[in-house]
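The following pair of complexes shares a single chain, chain A, combined with chain B in the former and chain C in the latter.
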Partner chain A sequence: MVMKNPKLARVAQGARLEFVPLQVLVPVVATLIALGIGLLIIAATGASVLEAIEAFWDGMAGSDFNIGASINRAISLALVGLGFIFASRANLTNVGGEGQIAMGGMFATAAALHGAGGLPLGLAFIVPLAVGTVAGAVWGGLAGFLKAARGTNEVISTLLLSFIALPLVYWSVESFHLLRKPISDVSSLPESAEIPDTTKLPLLFPDNGSPLHIGLLIAAIAVVVVWLVLKHSTLGLRLRAVGLNTTASRRAGMRTSFYVILAMTVSGGLGGLGGAIMILGQQFYLTSDFSSGYGFDGLVVGLLSRGSAVGVVIGALLFGFLRSGSINMEISAHVPSAVVLICQGLIVIVIAGSAILTNRKVTR
Partner chain B sequence: MALLELSGLTKRFGAFIALDDISLLIERGEVHCLLGENGAGKSTLCNLVFGVHRPDGGTMTLGGEPFDPRGPAEALQRGVVMVHQHFSLVPTMSVAENLMLGRASAVLKPQDIMVRMEQLAAEYGLEIDPEARIDELSVGERQRVEIIKCLLGDPQLLVLDEPTAVLQPDEIDALLAICRQVALRGKSVILVTHKLGEISRVADRTTVLRQGRIIETVAMDGADIRSLVRSMVGRDVQSAGSVLAAAVDVEGKTPAKPSDAAGPVSPGEAVLQISDLVYRDPHGVPRLDGLSLTVGTGEIVGIAGVEGNGQTELGLILAGLASPSAGAIVVGGTPVAGCTPQEITDAGVGIVPEDRHAVACIRELSVAENLFLGAIGKFSRFGLLDKSARRKAAEAMMRDFDVRASSPDVSMASLSGGNQQKAVLARELSLDPLVFLLAAQPTRGLDVGAIEAVYNRIRAARDDGLGVLLISSELEELMAVSDRIAVIYRGKLVGELAAGSFSREAIGAMMSGHAHV
Partner chain C sequence: MIDEQMAVFIGSGLRLAVPIIFAATGEMLSERAGVLNLSLDGMMLMSAFTAALASWATGSPLIGVAAGVLVATAVAGAQAVLSVTLRANQLVVGIGFNILALGSTTFLYREIFGPLSRDPIPGFAQLNLPWLAHIPVIGSALANQTGLAYVSILMVVVTWLILKYTSFGLAVRAVGEDPRAADKAGISVARTRYLGVLYAGILAGLGGAFMSVADSNTFTENMTKGAGYLAITAVIFGGWNPWYTLAACLLFGFATALQFLVPALQLDVPVALLLLLPYLLALVAIAGFVGKSRQPSALTIPFERGG
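Showing the complex of A and B:
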């Protein structure tokens, strides 16, 4: 009876025989191709390819410090990526990770600077983390509310909310009555004062100089929780149902608006948490462009993961290490870090493009 | 010489053999019907002829020359055109603009299209306003646009894939007349259907397909309809009389006697009471205009009417997907007008919605997930799904309701329409409490066997004391199943017939607004 539908019989078979290995193979090959092209570009700039590779490797994983820094970067990317797949489970596309990071970082800084520093029992950093999460959640939830109430496309609203959030951060570090630190000499930049030591995230290995902080544990917990919720919970199934067919879900008694708002709120909250961790874990003071591109990298991580929490982890680590390597490559081998950005773009295009190829192969 | 010759055509999808060694001649100037249940291979055969798929074996010749289209474009070039089940029209553009799509060279020549449209209108009676926007047209009119699009290029072979499944009775008549006209002009028509009534009216010859093979090809003069059904289903359909007549729409059969329904005919107390229901659409047009209706326990009330007279809106309101502008609905003492779907379910209302794909189920989810779509929390511990418990419950339910799928975990989309509908019925009839069932167009697009099963389920529900409201555009279906038929016209009930006094003529007159009861 099932096999009477030829299209599905075909897809089922394709899924079993071809799709799974391809799904693993494609990103790996895509990354290699993109890196290869990157090397060609480096050669074209006239820099020494060997030197560049060495600097790149050193920056990624040359020391405990560099490995820690790379993983720290991956943590925020992973949180934004998790937020993306959470929303996409409900068929919502949250492209506002950048704005949610910005709001999370800004409010976490404010909480750390004004009041949280004196709190006992780790609350000194837990409270700013929570505040940042809530700030991101509100920013994401706003888009969810607009979608549920007015049908506003969430791609547009999250993007435009980012365009509001980024200048808000700029404003806050420009204004003395907000977060800008008092001018002590002529070289004082428009940035916040450094947050108190008590509000900084504790390091995992304080003895070996690695900057790796407990954000890793937070992210690990988030990965497990998101995986459980999306794959095995009633909430995940409801989100999926609402995303696939709103009318049928409504008929089945689900409050569809609630789930749309919830999905965007959680998604934004994860972004906000990522932003808070960036400030409390590594940067320690707020600058106008502290989120520089993390939101969009996180979005790409979420896209490439195809909805899998494990995929988010892999993608976040890849991008985190690439970013660290590229920064070092620019500093010590004088290769523009733009080359790595180009590689990242190539990876995305190759993976996205080959996904079309693999899908066509399956459905033909 | 035959126009199209298929010899030994075979098509496989993976391990599944969709068509097995098909050899067939399509003569010039004939209407050739393909008859078969869902999944018999009718659509696949059409898609091979139109170049959508390519055969794995066998050959085709068209007009004596080899024919192996690598895509629809090549088929079109050779004069083979096809109207698919799902239309390919741009809803926001006008009829004329749609007709120009795909055949316009760099310069658009609207006048040429107009001239050609006038010719076609004169030749085939295909009249339509060229300026009308597609989304303002009825389904039948849209199909007419598709057919005009096909005939613009003066084709040799017209392939129609289940064209009547979406049409009103009068539209069906018009379509069949067009098919005859096309054939009269020496072109050939391949018409896919599973309604026997249509075949006896239009076909020159009929080929019956079952499980990818040709069972027989018969000339229609003097063919026995009953033997065609047997070839199509592969067995004698049990309650042949009424169910068969309704399912396959055989003209001239006497309408079902209520004794066929064999249930408690004396209804009990009212379980559904609708009074003065008014619904205005967003444009302020009244779609329901003071409709009042009572359904008692143990009674099936049918709603007859030409589509678009408020049946859809009535279904949506009863399902909680639309709020009435005025009026009251009471189910078993609970007022439910304007309530949420959940509140309506809690009041004991089961709904088989008109639109199976958009409302009744979520095709991408598994059968088990669909069976418990309204009770996701039922199989969970601490918010986590207990999938094995759910699978067990789903298996039991699938057994009880004869939902055929290899496992509860396969996607709903992989089921045939009949099994999807059985799953929907299983879910709705398993609700607790349950006092009333709305079945809106419950057999649309289903094959004979599944229709029989759906009727039996509805009757069994009635016999268990449920009140059932059956909304259908198939008169035969209503007459076969209902204990009472009410006729809806322009958002109001204009008449009612009790079991035993059903007559096509009386109902038909009321449906078209000539109510005299």
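Showing the complex of A and C:
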């Protein structure tokens, strides 16, 4: 079986459709298979598939509001996905998106509530965005530092850092000394106070009721910058060199530790920015589970894209719309949104399993 | 008063350590063979759910455990096909399985039990071994455990014996350190790694089943809460040695149990900080104490014959 695999890969490559590279075909087929299985599961529950699809569609794109909300979700996922591919250019696997979002959101909330609200010239929301980005960058950079200094596997460290970040957010909204909103006579849920209006991201189309905000422009800039850096810059080349062969890069005179830390810092920073945008753009106050699931969604987006910034945009839109749809499907058609998790898991597994078809270079 | 709380603390620390001991012990053997199963958490979660379901349906916790182990082993089989035969990225595959496990158990739980089920699930009784109970302070904590808890320690011994004294154990170590040489010596790398991953699956299954059928007599969504990741960390912290790994698991178990002890002693420490303590400890442990040199040389590196 092991012997046959290279042959299998050649056969598969010979059989691929012209003009459709396997790198594109595999994620598309994997997504279609997963969605098909998702529909089968919905059918198996006895729920009306048509009703479920209708609720799904309605949640995704049924109104200007829903379309805007879906794209807003996609913005944060795209940023986490960009972070993932940035790190993976240096052969680093950042699976800590969840923690980086959490730190970004938490510190952005803190900045918005304490001081940034009165700043002029849009600084009221720019400062919290920057603070959130830095918080995520520190969280990601920590994993990079541990990798460079101690050889700690970044997969394990970013995972553990996520498990550390989530209780920190919980703590911040539980404790009155931190971000929990003061007890009022209405309620005292463990959440922060709403951020000042000046710190909320400006809407792109304030007239038609769409919640779409300028995060879209920020994400678009990030996509272009990451694309330029990875594909057309010396830095991208160096990250790639460090990822492919650390020892050789070091012998060639590169400070490999610096690039490892830099890659993880930028990666985490993009996740932190995504978290900050979630709070400043749509949620407006911090809850302990505001980041729930976005980290893994962003990770899947990064995986699906196979390292391409354009792929990240497509994947993020797909998952942004999927998530909106699944939430509405749960509310109106009573189909558990966990079905979407099942689909995502299947997508990741199928894509990882078919890497043997797409990687021409055979690993040892 | 303090004595009583210490006994409760030790008892719950041990109980919380048991699933991690099971999972980490199996994972250690698999990693010695060169395969890292990040899907450990998913295996445990699948097993916890299946065990709860089977125990609830049949009334027999024993059948529950068997069903849980079966499902976890099936997941391990799929992980083995992907990481050994298809040479996929072991870490990415593992994360995929964890997402799949979370989605499918949450979905099935809501479909079968309903979102707010409080149905008790038939579980194992505690053994209350009298000869253990006489030991001061820790006696009652040691004695008031279910049979499965003692099995976890037994599995550590068994795994140690397998690694040290059997030809299979030798094969495991060989394919984890130098698969090419092992292959030339006539050892089947693929077969050894398959068995290693399946072994990890069986033990992760026992760990997951322990959570639902022996420890809490209920299933909750995402009930493993990252225990599988802690188990993997324990293996790293334990330097791929069964006894040090056991010690790391106990440390994590007690660190988790602190969140019950500290409020009971009326100490003013935020619960959230206690929640993150095991993970912080784990991070410090693998960053501070573990050099890269001790890990099996071929860990996470797929093997291909020829070339």
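Criterion: the second predicted complex is superposed on the first by the 330 of 364 C-alpha atoms of A that agree within 3 Å, B and C clash if a C-alpha of one lies under 4 Å from a C-alpha of the other, contacts with A are read in each partner's own complex, and residues count from 1 in each chain.
The definition used in the following text is that a contact is a pair of C-beta atoms (placed from the backbone, for glycine too) under 8 Å apart; a residue touches a chain by one contact, two chains touch by 3 or more.
The structure presented is a predicted model; accordingly, all values stated were derived computationally and were not measured.
Legend: residue contacts after superposition of the two complexes on their common chain; A:238 is shown touching chain B, with no touch to chain C.
In the overlay built on the shared chain, the residue A:221 is in contact with neither chain B nor chain C. Contact with neither chain B nor chain C is seen for A:28 once the two complexes are overlaid on the shared chain. In the superposition on chain A, contact of A:310 is made with neither chain B nor chain C.
Ranked by how many residues of chain A each touches, chain B and chain C are led by C. Of the two partner chains placed by superposition, A:43 touches none, neither chain B nor chain C. Legend: residue contacts after superposition of the two complexes on their common chain; A:250 is shown touching chain B, with no touch to chain C.
Within chain A, the residues touching chain B in one complex and chain C in the other are 1-3, 5.
Residues 1-10, 12-14, 228, 232-235, 237-238, 240-241, 244-245, 247-253 of chain A are the ones that touch chain B when the two sit in their complex. Residue ranges of chain B in contact with chain A, taken from their complex: 13-16, 18, 38-39, 44, 319-321, 340-342, 345, 351, 353, 358-365, 369, 373-374, 376-377, 380, 383-385, 387, 404-406, 410-411, 413-416, 419. The touching residues of chain A, when paired with chain C in their complex, are 1-3, 5, 41, 45, 93, 95, 146, 150-153, 155-157, 159-161, 163-164, 166-168, 170-171, 174-175, 296, 299-300, 303, 336, 338-349, 352-356, 362-364. Of all the residues in chain C, the ones that touch chain A in their complex are 38, 78, 82, 85-89, 91-93, 95-104, 106-107, 110-111, 190, 226, 229, 232-233, 236, 270-273, 275-276, 279-280, 282-283, 286-288, 290-292, 301-307.
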